[in-house]
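Both complexes below contain chain A, partnered by chain B and then by chain C.
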Partner chain A sequence: MKLPISKKNRERLNIFLLLLPGVGFIAFFFISSLMTTVIRSFQMDGIDGYTIANYSKVLQPYFLDSILYSIWIGISSAFGSLLFALPLCFLMRNHFRGKNLLNSLIKIPLFIPALVATFLIVNFLAPHGMLNLILMRLNLIREPLKLVQDKYGIGIMIIQIWKNIPFQMLIIMAVMESINPALVDAARNLGANRWQVARHVLIPLSMPGILVSVILVFIRAYGGFEIPKLAGPVYPIALPVLMHTSITEMFDWDTGSVVGTVIIISAMIMVAIYTKLAKKIQGGDIV
Partner chain B sequence: MNSEKNNQLPVENPDNEHRPDDDKAGGLFWFLKGKPFKFSKILIVLVFILVLTSVFIPILVAVLWSFVDPSVPWSYPDIFPKSFSLYHWQHVLKYGEVMRAITTSFIAAPITTAVCIVLALPTSYVLGRKKFRGKGLAKLIVLLPIIMPGIVVAMSLGRLLNNLHLSQTFIGLIIAHTLVGIPYMIRTVTTTFEAIPQEVIDAAYDLGASHFDVVKEIYIPLVLPGIFAGGVFTFIYSLEEFILTFIVATPTYRTIPTLLYSYLGYFFQRTNASVVSIILVVPGIVILMVAERFLKKEYLSSGFGKI
Partner chain C sequence: MARLTINNLVKRFGDFTAIDNLSLDIADGEFITLLGPSGCGKTTTLRSIAGFIEPDEGDILFDQKRVNDIPPNKRSTAMVFQSYALFPHMTVKKNIAFGLKMKKVNKTEAEKRISEAIELVGLTGLEGRFPKELSGGQQQRVAVARALVMQPDILLFDEPLSNLDAKLREKMRVEIRELQRKLKITAIYVTHDQAEALVISDRVVIMNKGVIQQIGKPTDVYNRPNSAFVADFIGTANFIDGTVKEKLEADTWLLETEIGNIKTMTEYQLALGDQVLLSVRPEDLLMEKGSENTFQGVITTQTYMGNFVDYHVEVAGKSLRIQSNGKQLFEEGDSVQVHFRPEDCTIVEMKDVNQHETAHQ
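Right after this comes the complex of A and B.
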């Protein structure tokens, strides 16, 4: 059977049909459902037409606190884990005995899902967890330290950092390996020491990778549900937890869809920055 | 680079020049010699100790909790439990809900993987081998589910599946898991399709190969490792998937992670949670460790990194 269309259009049709199972699946179940959430945030229960009343209704101290809290969790986790990941990346550039072993050990948290990581760390840091037992036995503290469900999100931060150090290392090391070794040699030959090579060659050239890793950890910590739900305080609550409780406990889609839209927009901003940065990475194999 | 011109770098003696090889010879008191930023044994030993304690102690504590003897409680001031038993393992595995959750998880994971392969192959072929307008957009659509926080996806998808009368069904659960896994499958398989040199295919056609021959002799053998790598990750992410399952299919269907979550909530059941955590983590670690031996690095980093 020959369709009455030109060869060029047939090629286009073929491409479209082949894309349909994968991209179409994502477009239907992911994009369309997110769009309905965004649209829902401009509608109110029992009222026809579109309105921004939900947004003005939600704009209250508890909501602003939630936004700030989530941003704080995101930033502190992203830079907190970078604080460990970056020096470890530099360490891993050297040759030493046991390097492969150390590499595998560091990677272990990658294999552990967020829920289990939360349990492991909460169990360890809890008021009657092992850390507090040891500190009390050593007479360093009188009363157990409140490290989880605290209002500064220290517990959440520790879990996120624990989980995300190897993740950031994976990205940064991939970018560092793509740096032309001739540049490092040239700097060495010109008399630069290790510190100068790191500061003037390696860090600037791997900056896109470093920023990508920071952005990805930010959005994971900012939008993660399980960790703040289980290790976070009663107040303030992180945005994802706020969305979940408003919808499943209060049956309040008005609030829930506004919170959802805020999370969606934040993620889209991060995606935009991510795609910009990923183009700068040599080879672009991270995209 | 410009700043290097501004600060004139002091030229060091060749003696002070550090090469990766002389790290092995680094003395114990390297820091006294005033050589800045020189890695040596002591630093590496410190890093080893820090990594070992921070990674293994939380895991060890959970393993200990799973073997605590219920008749001898583990509480202050004991740092280690006084007595061990298999009681909690037997107890948890006797619960119908645990075995049911394990069964659901291990049925859903292979089905999800198969669905992902079928849906991803044609799309990956086009993304990897064809040039067309809108390719960037298509790739962006594939990237989005990886970055978008699970909670908004779960809530939105829950609403959509509810309207389609698919929430609390097994099909809904598979749809949710496929949505989580398919981006990784598409990306790994696309990479393998991209890596096939056009010359090889052209040469095959020039030598008189049919379309069928090209698919059988070139595409299938060269793409298979990518499918395998993608399959490892869709399988594991399906096992580990929590929030979408929790919203879309729980309480009708419980998987290992949703069961674990129920032990972590208001009624914090340490012993049960320890057992279920170990059950959840061990298959993933074993599969990934084995896969790491067989697979090329680039597939693993694209899947591991969840990017």
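Right after this comes the complex of A and C.
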């Protein structure tokens, strides 16, 4: 059977049909569920129509504390793991004995589910966990250190960093490997020592990768649930934990959707910042 | 400015010997080209001089001072890379200023040197551009300026023109040569392009398989190649096998060859019966009757190239390549006289293989 449409339109139809399974899936489940959350945040139980009343909760101290706490977790995890990932990336540029072994060891956290990792590390860091016992045996401390369920989020940070170092390394190393090795030679030839090569050539040229990795880890840590749930304190609680508690324990869908929307919007803001910065870097304005 | 001495340099990569006991002495202000096919060790030698490669054996000396243990950033060399290796995130000016910044040259001095370098290579007005906004030739100039601004003892060039088109390449190689003459900086230039090597250098070092085959002025290596490899690599050559038949004068010999008797001039001490390989350049073969070394041949192919005509002429069953200017055009099938002067045929190899090999066994 021949459809009564022009060749051009038939091509368009073909492309549309080809894209439908993939794009359709994303459009349906991704966008629709996001929209549902956002729309739900403008509705209130027992009230018809739309309202912004739910958002008054955002201004309440517990909610503000949650936002700040989550931002703190996000930033400290993102830059904390960068502190380890970046030097490791430089190390991996060199050839040395045991490089392959180290390379596989570093990647282990990628393959261990966050939940499992959290349990293991929480046990290790707990007041009567291995770390505190050892430190007390060595007479380095008198009282156990509060490293988990603490209000500074140290436990969360440690787990996030552990989990995200290989993740950041994968992204940064991919970018670093695309840097022409002659640039490093050129810099050395022009008098740069190893540190200056890193500072003036490798880091600036890896900046797109560093930026992506920082933002992705920020979003993972900011929106992550298991780790703050298990390793976080009773107060303040991270936004995803607040959302989970509101919905499953308080059956408070109003608050739940507001938290969800706040997380989505924050993520979008981060993406916008990233796009802005990336453009600047590519234009050569930064560095 | 410095004199560069390389003594017995050896570099191996696994089982592969990239440089095999190489020694070289380069005078202050001299322009030297390392020429050879890929894998001959020329780039490895250059990178060893720059300090990127640690040689396994041997010494590298700048002005008689051993530099083997000095890291690349402390050696006074400046290199122009094949890929230019311009920093893509820096403007032209920042690229050129980079080395001065690393060496902490004071601001006013740096500014002066940068503007001089920019003017010298003709980049005035482009200081604020990024490398990707420049043409290949302009990028090349930035790379040269970035090296010159360092006022290095030794300038290193790693096939710097191979990414440019033919016209620009010819222009740039003359410019590089003139700059070097003006600044009198010792320069080492790596290339696989024999024409480039002949145009640009004071002396050419021809390398093969990690070993120096011949060192000499461009005219020497072209007119008096010391081996079949050199004769073949620099320009084109007709190779003719022959046996020494008679000594005519102190340096003039008569050889019996596959195309007939040939009179040749050589500094080599020959003995009657020695087997030798002769090389004659295609442009030295003349299609006219001469007083000596004249042979009868038939043209098998003729290719018109504009500034010259490329012929293949069959002489006594052997095909000879002849290049002549296109003033007198012959056709395929024409019968011609082929002639060359005794001084234009060079003995490139002593081939009395039988004697030598048995002597070694």
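Criterion: the second predicted complex is superposed on the first by the 268 of 287 C-alpha atoms of A that agree within 3 Å, B and C clash if a C-alpha of one lies under 4 Å from a C-alpha of the other, contacts with A are read in each partner's own complex, and residues count from 1 in each chain.
By definition in this document, a residue touches a chain if its C-beta (ideal position, glycine included) is under 8 Å from a C-beta of that chain, and two chains touch if they have at least 3 such contacts.
These numbers were taken from a predicted model, which means no experiment stands behind them.
When the shared chain is aligned, chain B and chain C each come close enough to touch A:Pro204.
In the superposed pair of complexes, A:Ile154 makes contact with neither chain B nor chain C.
When chain A is checked against chain B and against chain C, the one touching more of its residues turns out to be B.
Legend: residue contacts after superposition of the two complexes on their common chain; A:Arg137 is shown touching chain B, with no touch to chain C.
Touch criterion met: A:Asn193 reaches chain B and chain C at once. By the touch criterion defined above, A:Asn180 lies against chain C but remains apart from chain B after alignment on the C-alpha atoms of chain A. By the touch criterion defined above, A:Ile273 lies against neither chain B nor chain C after alignment on the C-alpha atoms of chain A. Of the two partner chains, neither chain B nor chain C is touched by A:Leu145. Applying the stated touch rule to the two superposed structures, the overlap between the chain B and chain C interfaces on chain A comprises residues 187-188, 190-193, 196, 200-201, 204, 287. Interface residues of chain A, counted against chain B in their complex, comprise 12, 15, 17-23, 25-27, 29-34, 36-37, 40, 88, 91, 94-98, 102, 105-106, 108-116, 118-124, 128-130, 133-134, 136-137, 162, 167, 170-171, 174, 187-188, 190-196, 198, 200-201, 204, 212, 216, 219-220, 222-226, 230, 240, 243-244, 247-248, 256, 260, 263-264, 267, 270-271, 274-275, 285-287. Residue ranges on chain C touching chain A, taken from their complex, read 50-52, 71-74, 77-79, 81-83, 85-91, 98-99, 102-103, 130, 146, 150. Per the touch definition, chain A reaches chain C in the complex via residues 180, 182-183, 185-193, 196, 200-201, 204-205, 281, 284, 287.
Within the complex formed with chain A, the residues of chain B that make contact are 1, 3-4, 9-12, 16-18, 20-21, 23-24, 36-39, 41, 43-44, 47-48, 51-52, 54-55, 57-59, 61-62, 65, 75-79, 118-120, 122-127, 130, 132, 138-145, 147-153, 155-157, 159-160, 175, 178-179, 182-183, 186, 191, 240, 242-243, 247, 257, 260-261, 264-265, 270, 273-274, 277, 280-281, 284-285, 288, 298, 301, 304-307.
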